[in-house]
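The chains carry the letters A, B, C and D, assigned in the order they are written, with residues numbered from 1 in each.
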Amino acid sequence: MVIQFIADHNLEALLERLRRYGELHAPVLSDDGVLRFAALTQGETSDLSALRTLLPPKKYLLHPQETILNYSADTGYQLPVEVAPPLILLGLHPCDLAGINYLDRIFLGDEPDPIYAARRAALTLIGVSCIPDKFCSCQQMISPLKALSDLFLNSLDDGFAVTSASLRGDELLEGIKDILEEREGEMPEDSRRFFGHVVSEQLRHELDLTLPEWQELADRCLGCGACSICCPTCYCFDVLEFSGLDGRSAVRVRQWDNCLFKSHAQVASGMSFRKDRAERFRYRYRHKYRGFGALQGVPSCVGCGRCRVVCPTGIDLRPLTERLEEVRHG
Amino acid sequence: MRKLRVAIAGLTACSGCQLSLLNCEDELPGLLEQIEFHYFPMALSPALLEGEYDAALVEGCISMPHEVELLQELRRRSRYLIALGTCAVWGGVAALRNGEDRELLRQQVYGLNPLACETFNPQPLQSLVQVDAAVSGCPPEKDELLRLLAGLVRGALPVSIDYPVCTECRMRENLCLLTERDILCLGPLVLGGCGARCPSMLVPCEGCRGPVPESNMKEYLELCAQKGFGRLTVLERLHRFCPERKI
Amino acid sequence: MVSALPVQAAITAISPLTADTSLLILHTEPDHPVASSFLPGQFLEFSLPGVGEIPVSYCGYPSVNGSIELCIRHVGHVTTPLKIALPGDSVGLRGPFGRGFPLPSFAGQDLLLIAGGLGMAPLRSLLLALLQQRDFSGRLILVYGARETGALLFLDELLEFKKQGKIELHLGVDRPDFCLAGPPDCQIALLPTLLDRLDIDPGRTCAAICGPPVVYPQLVSSLRLMGMADARIHLSLERRMKCGVGRCGHCAVGTLLCCVDGPVFSNAELAGIEEALA
Amino acid sequence: MSSVIISDILTRVEGHGSVELIRDGGRVVDARLNLYESPRLFEALLVGRRFDEIADVACRICSICSTVHKVAALQAVEQAVGVTISRQTGLLRELAVQGGQIESHALHIFCLALPDYLGVNGIQELATREPEKLQVGLRIKKLGNLIQETVGGRAIHPFNLLVGGLGRVPDVAQLQYVRNQLAGGRDIVDDCVAYILNLKDILPPLAMLPVCAVSGGPPLFGDRLTTSTLAIISAGSAAAWLNEHVEPHTHAKVSHFDETTPIMVGPLARLTLAMPTTYAHHFTGNSIRSSLKARIIELQLAVERAQILIEQLLETGLKKEVPAIAIPVQGEGTSLIEAPRGVLLHSYRFDGWGICSAANIITPTAINQGAIAASLKALIAAMDGADYDQIKRSAKILIRCYDPCISCAVH
């Protein structure tokens, strides 16, 4: 089989070429030692094998805090004009691609969210294959990986096999034609598959139950919010409105929220439908594995491992699911 | 439209919360157009309480009898009484050694010489009067203050925050000082809203905004113990701004 | 983009119904769907500019001239400043949202409406719709409880319906007021107790419930004891709603979303969801 | 002998105080400053805290001068535990202190004192009657805050200043931004100097008092006190020389100098000891009533100094540094620094674990109490026979000339 191949020594040329299509962003290690998606300045390279950025690429689509409406006494509420210049996101691992795909399903559904849609349309996604570490759980997922990126770079010994999965990808491929080589070889299979079933249907029912393990996990949770802030598919938001000092204008903003916070399920009487941390904790995972609303039944954990890495107390749900599976099979 | 009529008072404090308002250099002229600061001794003469106020913003804790009177008078005259800053909300640094005998502390500073004033353990405002809203922080963030005032112009009180500093710290994609550097950062226990100012500059959170609701003290102490911080060290740090053992 | 952008509306009248509740009459563009095409039980998102947005049930009947009735209890951040709003003030509206009461399934059935406190608001809308075509359904029984006599909403209107023989009315209050003489036949009893003396045919009755979440479990078990099937019991749930379109994540009830899958659910749909009823 | 004491709350000053006029018949015979601010007992609060917590707590003494309190505390702590800081840290701290100087002086001049000259009640009337004055003042004030924020991380209670260094060293771009802002503000500051120097005096001339200021280092810094009486006092003996006592009518300790002559500290004192020749003629025989002029000149000097510091920092480039490690040892340290209102002293003693066993803080407004009392007496003498309300007004203006910071004084 003929594959399109880009050699390692051509990577810099690739970056240069990509810049023609928009601002290039890729994982960059900061001075403080944090890996983040950030603008790749001229001459800077990105370590494409680096495993996971602190924040997932959702930060490009949903900002931690952003204006969703402007108000003025004369014109009423207005949608903000979203100018989204073309952005090339390079170095997305399959889990992050899956994360974006999940967000697409929420925010580009029946009535697309105007801000999300504008930003998403400006994004070009370039995926890169990777080797999971002990925090990843993508290996456990079994349903087939759809083409989620525009271009995908599959790592080989001395370069990458490049495949396109969209019209935009074809265009890019055309634009980098001269630095590609045609090679005879096998297209490496990416063994990780997403949107599968991390846990079996029956196990999910069991996870719904008030197992004592939930309390144990909840006892260790500091409620810091890191797990959901860093989750590629956590998208809950809070909405706040701030009046202008002139008393005539206002902005409405939405900001990332977290179902582990006390106020998340609180209603007007001050009563909350998820009273304590254990209940909220269990709810969070139930949502991850069972979805809700339009995506009911669609698990949203993409296996990136971020929640496990960032949790100060190292909370990891895998031992619990493994234990439950064992009990059932053994 | 009638201007919002506001009183701004300072009790036992450093005037930082009032100064935060005066530090809104860009917005102050506009604010003075929208709002009548009627009582604001730090920036206006004379210091005279008169009539009723839409809101009283009170900085500082209470530690002397004349402050009790002033506070009660402000409460009587105001539709909303707002605790401004950590001292007013939690007691603040002045209350650092509330657990101890105040007379002994006094003697440590003034000697045996009896000072002609009656001071007592610094208390947050809510120990004495009903407080309608609180803006925490030592000092509070400018943004919060401006939003508070802009909201009051509309007749609204601020929405309270219930997430910790860590949440905003993670949103800013900072290095975690606690988990990555083993530095005693109070982020997980402390109320957010500051944009994780300190950790963003590699300085651990010192807890200046007071405790977050429902913090998990037990597990945090456990985590600190694993990192070699003794219980006492952690507790001392924790109570720098909120000495009433509320955390 | 209708669902993301509030349409301007003006307050035409704001009048106190009780000490902490006001009836708000709004006016927006004629024929705008937010005013003209909703079902009882649906809600809109109400914006007070510069303050915030909250979900509110429709309490009236759809109109073509752009007028909307809302019943608001002044409790917090958004609703308190609303107390000092004046006719002419402008507000923003989005909607209608959610799934209202399943009217078609009520055809030919006896209807038992159970309202607690402010829950009267959406049920009034339902009642008005049913009265519009009185022969659409069978008996119309309204059981309505409030904290005290003075807190009973739309009392005159309800008594008038009763007088005209359009509805059967059972009123109750938790405690009597000192100075207010209660309406005739008003019992001093908590809401669930009001159900005790009802005589209904559970096989041909549908229940529609709206009230404070705390009373739901008891109401549901009473109705079941009376022999009513879960599919016949319809409850309007309250949750925090920040967007109204199933995205903000706050209103999840198990794997259901209150703002799109509800707020009205049949008890059959809620079976097995532990956080559904208080 | 029906002497009546009438007390009036001080406004447009930091903290809580009042002036008491003693009336005998129609004549005002005496006046007294009463600093009734609630004592927070900082010197006691600090005992028992670790050396690296001292500055974080101590800077809460006062907001307007939190940066200078922080630096003073850090210097004393570092001296005690034997930490030396890099040149870069030194320059950045100096810059932050100059930022504080700009902010504090701008606040005092435009928001607190100028209303006396313009006959308005304060910022509220300033905003309607003299909006451009307020705006200019705020613009200058913002420059000071910009510096404090850039270096200290926050305008009030700067957290980025640590024992041994900084949390995060500002980067070149940030300093360049500050440099540009300062350059853009220079003209405005110069205009203001001209404007303030030409203001008509609103108080009668009063005799000049002996003065004292920190010397031996870059502007505002040093290791000794120098007086107009030609005494030189080392940091170590400064506390003894300042000789604080507890007195009635004030919660701030009062300094008792050798010959019981009060000594004045602050902008006028600093300028008296090192007057730029260009301005000398504005101060001949004008004493404390010229304090506003002294402040605006100092503000200009602070802007200039800040510009120089930034150039020096940019010249060598900014290095990413981590704070010097401090290993607690038993020790003692005293630092002197010029706060906007004058001499500030922080002194600490630590045990072998680095725990504070003694703290002493002497602030400019506390030192100035004697000078204020003397000035008040002189004012009453000078205004003898004047209308009571006029004396009362002038007394308050006079006290404001010292820009008292009462929270500092009482701490």
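Quick note on the criterion: a residue touches a chain if its C-beta (ideal position, glycine included) is under 8 Å from a C-beta of that chain, and two chains touch if they have at least 3 such contacts.
Quick caveat: nothing in here was measured; it's all calculated off a predicted structure.
In this structure, the chain pairs A-C and B-D differ in their number of contacting C-beta pairs, and the larger number is found at B-D. Between chain B and chain C, the centres computed from C-alpha atoms are 41 Å apart.
Annotation: 24 Å between the Cα-based centres of chain B and chain D. For this pair, chain A with chain B, the centres built from the Cα atoms lie 37 Å apart. Residues of chain B in contact with two or more other chains: 150-151, 154, 156, 159, 202. Touching two or more other chains at once are residues 240, 242-244, 247, 263 of chain A. Those residues of chain D in touch with two or more other chains do not exist in this structure. Chains that are in contact with each other form these pairs: A-B, A-C, B-C, B-D. Chain A meets chain B in the complex at residues 30, 32-34, 36, 54-55, 59, 64-65, 219-226, 229-230, 240, 242-247, 256, 258, 261-263, 277, 310, 312-313. By the touch criterion stated above, chain A contacts chain C in their complex at residues 68-69, 71, 73, 76-79, 106-107, 111, 113-114, 210, 235-244, 247, 249-250, 252, 254, 257, 259, 263-269, 271, 273-274, 279, 283, 286-287, 290-294, 296-297.
Note for the complex: chain B touches chain A at residues 1, 27, 30-31, 34, 146-147, 149-151, 153-154, 156, 159, 162-164, 166-167, 170-176, 178-180, 187-189, 202, 212-216, 218-220, 222-223. Remark: chain C residues 1-8, 47, 49-53, 73, 75-76, 90, 92, 212-214, 238-240, 242-243, 245-250, 252-257, 260-261, 274-275, 278 touch chain A in the complex.
Chain C makes touch with chain B in their complex at residues 48-52, 77-78, 80-81, 84.
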